[in-house]
Amino acid sequence: MGYDLDFSVVLSGRYLEMLLSGLATTMLLFVSGWFLGLAIALVLTLIRATPFKPLQWLVAAYVEYHRNVPLLVQLFVWYFGMPQLLPLSVNRFLNQHNAELGFAVIAVSCFMAAYMSEDFRSGLRAVPKAQREAARAMGFSFLQTMRWILIPQAWRIALPALVNQTLHMFKGTSLAGIIGVVELTDVARQIEDNTFRVFEAFGVVTAIYLICTLTLMLGGAALSRRFQLRT
Amino acid sequence: MIVFEKVSKRYRSFQALTEVSGHIRRGEVVVLCGPSGSGKSTLVRTVNRLEEISSGRLVVDGVDVSDRRVNINEFRRGIGFVAQQFNLFPHLTALQNVSIGLYRLLKMPLREAEALAMEHLSRVGLAARAHRYPADLSGGEKQRVAIVRALAMNPKIMLLDEPTSALDPEMVGEVLNLLRTLAKGNLTILCVTHELGFAREVGDTVWFMDGGRLLEVAPPDRFFSSPQHPRAREFVAALDHG
Amino acid sequence: MIEILQQHWLFLLVGDYPKGPLGGLAMTLLITITSMVLAFPCAVLVALCRTSGIRLFVWPSTAFVYLIRGTPLLMLVFWIFFAGPVILGFTLSAFATIVIAIVSFQTAYLSEVIRGGIEGLPKGQTEAARALGLGYFVTTWKVILPQALYNVIPGILNNLTAIFKESSLAYVISLHELTFAALQVMNFEMRRPFQVLVLLAAIYFCCCFALSQTASWLEVRVARKRERDSGLIQPNAQLAQA
């Protein structure tokens, strides 16, 4: 087909800079989204553990919305939909401060939180009732039982699923390019657009993605093995 | 030490305990026996309020168990509880299983708690297994750890709910040996068991239950040789044949 | 919002059809069904390779699954959209592009589900069939696959839900499906993008929620059937039909 692969174009000068800044943006999106998402997930799990029914339904609705609507549509709702609901001054502020990135972080973290809170919940439910009883019989209070006996077991049970959601979310950050965040996938497209070097641009970026995701997969598997709860 | 006064317990339509009355002296070893479903486990579990009683009065070490003003968590620290299924915490080593109560509940410094836990484990021959997780212990070892976990809290009362019936036959002996030493001390013990030799040997008193009622209270020798209640007679006769 | 729906429902449902090309929800469904139909046999093949125990098959199939799982779907779409024509020498339609991308992607994910089903079967199933003198292909075709696939029906349905959602990525290559239609409506209804997007989300939600609820309902049924069947020798029943 007469196509000469030449990575030097993509891996030098302006394009290398673009790649690196794209990677940095992807990482920023991933790391901040992950921590924010984890925090939201924990709050959701806590709310669901309370006996207050309407709150539980609210969380259930939150979870179902995020699980049954494409992430891309969720991104659009935040990016195109939200400004309509916000006052003008806030919008002006957002537009001056990288609104795309902000909305993308919120979207991916809300998305991941929905899945993770489900994993935490089933982790908690998977701890046998007898464990709670054994702890209470020793004199642990409800909260102490949670803190020292149930949660340490629940997160170990949920760990493989949490690793999976992390991976899922990392790949989800690639959609942020569609609303204008200049992350890796978007950089790949831009480089391709400028150089017509299809294979080099996509090859390099795919390789970067694979290094990250395979590291996550292997690291996650090692963690899961390390903390596996054997009974 | 423990006084039951017409203690009853019902779950929706099922009467688990009916007007159980009796008392257990300080240091007394009471062996609770009876056919399965007779309410033995329920009775044991009322003592530390794992089961709430529906009516009657239950006083443990001068404390009315049903009293809402009692700090139940502090109260339970004085009562050791060992269940049939061990229920060790799988995310902790044997040593941590024993020390966590000392450390988290009695607020002992970690080092001290672990040293004390180690001492307890050594006493039952488990020093070498201290750093193993429950999954790597045999059934007998797990149950010994569970007993030590309860003992380490220095309770006045021990409640044992069929501590040997989930064990393989060859492991029953090691647990019974440990229980024998316990019985010789000045602990007050309420133990559900089917081990008759053990009951005869270490029990001060046998309580016989059937259908949620306490039908007979007698010293082991008399209970096993000449039970009074007709249901008790049937029960003992069946044991002799089994 | 009702107003938007009243005005644009037909466009959201079928796009410009019949005057123009098919679009809207109908296109989304077409992508979903086509992708599933194509991905399913591929996934079975990959799953069989991974469980074959033959290194020549295990290695490439495993590598394929990991590579795909490690790549964002959008990246795959771009690969096919931009690199596809260079390799093939002709332009792919947007429909073909998204279908190929989703099929490659879901072959990997679906094969994991099916592999789970195959590995979840009791070992005795293969052994019993082989003991009867059945060859690998007959065993797989008549004994293993029917049971494994039955057990993972809920999982397959979940993947169908995933495909439905993933088809929204066709928007980026300007394929006229549901998301694309909604964004066109949004450009038309400049003043109220939020309402249009909520409507779009609601349409996706209704379809996917129905699918995922069906999946969890089936999950309960399958689990119950497996419980009933455990202990029965299934291969005989399967062979009788063969």
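Read from first to last, the chains carry the letters A, B and C; within each, the first residue is number 1.
By our rule, contacts are C-beta pairs under 8 Å (C-beta built on N, C-alpha and C of every residue); 3 or more make two chains touch, one makes a residue touch a chain.
Predicted model only: the values in this text are computed from it and were never measured.
When every chain is represented by the mean of its C-alpha atoms, the one lying closest to the mean of all protein C-alpha atoms is A.
Set side by side, A-B and A-C show the greater C-beta contact count at A-C.
Centroid distances from subunit B, each centroid being the mean of CA atoms, peak for C.
Rounded to whole angstrom, the centroid-to-centroid distance between subunit B and subunit C, based on C-alpha atoms, equals 55 Å. One inter-chain figure worth recording: subunit A and subunit B are separated by 48 Å, centre to centre, where each centre is the mean of the chain's CA atoms. With each centre defined as the average position of its C-alpha atoms, the distance from subunit A to subunit C rounds to 22 Å. For subunit A in complex with subunit B, the residues that touch the partner chain are 130-131, 133-141, 144, 148-149, 152-153, 156, 229-231. Subunit C makes touch with subunit A in their complex at residues 66-67, 69-75, 78-79, 82-83, 86-87, 89, 161, 165-166, 168-169, 171-172, 179, 183, 186, 192-194, 197-198, 200-201, 204-205, 208-209, 212.
Against subunit A, in their complex, subunit B makes its touches with residues 48, 50, 73-77, 79, 81, 83, 85, 87-91, 100-101, 104-105, 133-136, 149-150, 153.
For subunit A in complex with subunit C, the touching residues are 1, 3, 64-65, 67-74, 76-77, 80-82, 84-85, 167, 171-175, 177-178, 185, 188-189, 192, 198-199, 202, 205-206, 209-210, 213-214, 217.
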